[in-house]
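Each structure below appears as structure tokens.
Note that chain A is present in both complexes that follow, paired respectively with chain B and with chain C.
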Partner chain A sequence: MKFCTVKQYFDDENNNNVTNGIATTVIPLPNKHLKIKANNKEMEQYEQELLRNVMPQELTKLILAANYLNFKEALDFFCRTVANAIQNKSVDYVRKFFGLESDFEPGEEEKLCKEFAWSFEGVDED
Partner chain B sequence: MKGQRRESMEERRSERQRIERAERAERRDVLRARPCGCGGSSSLSSSADDYKDVISSLPDCLLIHILSFLPTRASVATSILSTRWRSLWKLVPVLDLDQRKLFRQSDTDYSGPTTTKSNFSFLDAVSNIWTLRNAIPLSKLRIDWTSNCDSFLVETWVQHTLLSGGLQELHLYISTGPNPPLEMPPTLFFSSTLVSLILTGVIHLNPPASASASTFPSLRILVLEHVRCAKHNSISTLLAACPVLQDLTLAVSTTNFYGLDESAGKVNVIVLVPTLKTLYIQWPADDCWLYKLQINTPALKWFRFGGGLGEDVVLENLPNLVEAVIDLEDADSNTVDYAKRVLDFSRPLFHVQSLNLVIESVEIFCYPYKDGIPMFHNLSSLTFYGELCLPWCAWDIVQLMLCQAPKLQILAFELTLPFIFTLKDQSDYSDFKHCHLNEKFYDPECLSSHLTTCYYKGFSGHGIEMELVRHVLKEAKVLKTMKITVESNLGSRAKHCIHKKLMNFQRSSRTCQIEFDGHLDLYSHA
Partner chain C sequence: IKQTSFDDLSNDLLLEILHRLPLKPAHRFKCISKRWGYLISQPQFAQRFIQRMKLLMKLLFPSQSPPFSLFFQCYSPEPFPIEFKQFQRDSNFRSSNFFFNFLPPNPKPTIYLGSSNGLVLCSTTILYQKDYYVCNPLTGSWVFLPWPPYCQQYNLVGFIRAGQLCVEIFSSDTSEWKQLIVHCEGLQHVADVTMFQTHPILANNDIMHWVNHYSGKILACDPNDEHGKCRLIDLPNDPDGMYQHKCLSVCQGRLQCLIICEEVSQHMIHRWEFLEDEDYIAGKWSLVARIPVCRSNQLLRVIAIHPVDPMILYLWKSKRIVLLNGHTEETDVVHYFAEDQFGCYDAMINAFQFVLQWWPTPVPQLHKGTLLIHIIYY
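Our next item is the complex of A and B:
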């Protein structure tokens, strides 16, 4: 039931949605999940190993793939990884991480900064 | 001719890229956006484009999903990233407010006044957040406010959240200081979507007598720590209203029922939950006669108990128990009586596979069995933890227990020495030779036939510790691993000394590996 989208993916021959590289990472996850379902710590270690060297853009593709495949645990895991990567980081770091550019009007950014000044206190050094 | 062909190829390629880019832009608005299937033929410039596109190609709902894993403070900080992110945080159906973490003082880049207090008030900040965010119903509300919590404000938020419906997780860690305690609103007991409820601190709870299995049909995790209840049987009433509960943590202290009319009877906690898998109970050790505890949980796999055994502490029906962690406190009562209570209490624990005992309570645990502890037939892992106050008595009892666990494979110690012992010179253990283990009388079968692993965390090279390790290495014939983790505050010379002595101990198992985790730089020592 959970993986009917996965089955569909395999049935679909000409599938552009999930590239092969992503598939090899995401597809084994359900089996692994079932095996180490009882032991949360083991799963965490496995997950750390898996994503140690993954670039942000890869991570984004993984998120989209997990979303498309309707695979909730993987989706939560990838999103949580992105969240952990940007937590307590400076604005510039996060912008670089996501490949974003500031498109604010000149005064807007300062205004926002002032309004939520308490949320910018004490971030990590880059 | 050639030039023309090349040109038309270029044209067709750039035309294709234009179409692809337009398609990608369209897909960005679709809920289940698909990633651009980049082929291998992209040039360098378009791959940078693709990189940017992929990041921005996440639809709002997925960005919000990412934000939902952040504490609210970090989530609000993303409003400054770009115009797209400006209001995303307001749509996140999660509020995670932590007073301690909302204002972190970084030593290096905070240039303000060097006081521990922040320039900003937690109250102002959270009021601001509450007002600004969209009134989207919350699926998770977590508030950690342990310094002069404004209970009235939190009550308002909780009430509002509950009334909006759909709440799945409610976690409150509250300490109100001079303010009145937090009163949980009665609407809590109409929250049928609640999956996880954690209440810790100065909170008042009054489950209605009419609570039934339809009150919390989805609740799987319940934690009540030092929460004050209105009636003697409040907790029992609450537990009866949780038909699918799997995880229960209950910390009851004498102040929880302070002011209740003693003539109305004992405080009665009945844990009769057929679905319960994990249970942690912290029970009062003083005035035990005021409290009654009954545990009957056939599906229980993991059990932890800390506290005193009053007359009315009954533990029964635990056929599936796999692991138990026990920290018994010595109640101030008749020792024969207490011995019987310990016997009755521990009967269901003899078939567990894994047992963790606080070393101080080992003596209490073994007290009723001076003539022989029953066998732990299934025990494969035994851990002793806590502070080592009377090393010489405890070791006898450890030996006693080892004799009754014939199939033991893993033996672990996670002990700390009280300060007075650490003052002694670590490298000289001959002082305590007189408290050697009584090898003549105890010859645990498990040591020679089953023990494969032994861990010692918090090793400081003290006489008693060395003796134990020496004894295990000598007797354990199938030992594969002996892992010693040394106390981090020992000097490197002491560590080298310990390491050298350990390596010289006789080992009866040829395959035994000694792992020494002391961050030793072996090559610097001659």
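Our next item is the complex of A and C:
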């Protein structure tokens, strides 16, 4: 299954969403995954390395690529990596991380932050 | 080549990330943008979150319950502020709101009345209660209930007049109190009706139980019964523990009675429950376990059982709350009371299980279905 989709990708020249750089990261993944499947520590290290070397934009592309290739383990891995990276961070940090803007009205955001004040406890310093 | 931005992720893919967040960030990130707020607020999000937590717990700890706390309140002579002890190291279920500071300021400490589904019912006084609050201590949200039609001196138990019970049920469907006059067989013979413990134990299909130690009876009331059916159940007759304190609690949804008994060679905690539904209806208790406990010259009393593991008990020992693990027979101090929290030796301590939900229950918005009960006996 995995090999079929990869072949299709290489034949599909109109695909702008997946660059060569991604191909070099995603495709070696199945091998790496099989090799270190049993060893959680190594996966953690790989995850840390990935976060250090790959910009958030790239992570987005990785997720899109893994989804397009229907590569479930990679999708799970990348999504978990992103979730782990942002879970203890503040709202501002996460917005900057992903290049997002707030689209709330001036008072709206304040109201929300007040309503969910309990969930802001224990956040890392920016 | 077009630059990819995070916004290019479809809702489905964004959800794949959001679903892997723990409880607090999941709520916090509602503030990131309207799109994130919308996705997380969908009921399906909470449902999938809960399923994932249940599965995770099943894999990691087969007998693990959702996180829970014990709330202790020292009642007499004067009520002290509620103390709590959380048994979950997960920071997602910690909250500074557990001190109930979010309720409107009141010179007297909040009185804890009961909890269900992660919500807590409180009042501001023990006598002449009419201010009731329903709150979620994790999120700090709360709602003030409209005043009940009657306000007597003793609520949840009244003073003896006749064998009749007036049951008032507050339904947030209608935002109204409904009154029922109920006949409860034998209630007029109960020695001191004011001595029913003020907080109910919910067990055996959400039936409420109030224990009266002095007469050895339990008042059971079914709020879902349209006639407000009530009845009296006798506490178990334990020859080894005749004059001992009987603690009523709940484990795995079933009513438990725990008694410290002096057997020949050592102290044992006897655990009684109803084996079958027919036994519950007939009031027929069975002795299901005996857990050894060290002799003590000091005050020793069982105050609660673990909500899921029947071998874990919480004891009040002198000025401490102690966890007794029946599997290993080890004890562990979980809470120390400060010197001034005890008025005298006769201080009454009540401990209540407060089971947190995987996804916080919202407080009732008046006009949406939850049921509360307020019993006046007169």
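The criterion applied here is as follows: the second predicted complex is superposed on the first by the 100 of 126 C-alpha atoms of A that agree within 3 Å, B and C clash if a C-alpha of one lies under 4 Å from a C-alpha of the other, contacts with A are read in each partner's own complex, and residues count from 1 in each chain.
Everything below uses one rule, namely that contacts are C-beta pairs under 8 Å (C-beta built on N, C-alpha and C of every residue); 3 or more make two chains touch, one makes a residue touch a chain.
Because the structure is a prediction, the values reported are computed rather than measured.
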Joint occupancy of chain A by chain B and chain C, clash or fit: clash
Contacts of A:Gly99 with chain B and chain C, given as first, second, both or neither: both
A:Ala65 touches, of chain B and chain C: first, second, both or neither? first
Partner chain in contact with A:Phe120 - chain B first, chain C second, else both or neither: both
Colliding region between chain C and chain B, picked from 5-13, 41-49, 113-121 or 455-463 after the shared-chain fit: 113-121
Common ground on chain A, meaning residues reached by chain C in one complex and by chain B in the other: 16-17, 19, 56-57, 60-61, 63-64, 67, 75-76, 79-80, 82-84, 86-88, 91, 94-95, 98-104, 109, 112-113, 116-123
Touch list for chain B against partner chain A, complex: 32-35, 37-38, 51-52, 54-58, 62, 65-71, 73-74, 76-83, 85-86, 102-106, 108-110, 118-120, 125
Chain C-facing residues of chain A, complex: 16-17, 19, 56-57, 60-61, 63-64, 67, 75-76, 79-80, 82-84, 86-89, 91, 94-95, 98-104, 109, 112-113, 115-123
Chain C - residues contacting chain A, complex: 1-9, 13, 16-18, 20-35, 37, 91, 94-97, 138-141
Chain A to chain B touching residues, read off their complex: 16-19, 22, 56-57, 60-61, 63-65, 67-68, 75-76, 79-80, 82-84, 86-88, 91, 94-95, 98-104, 109, 112-113, 116-125
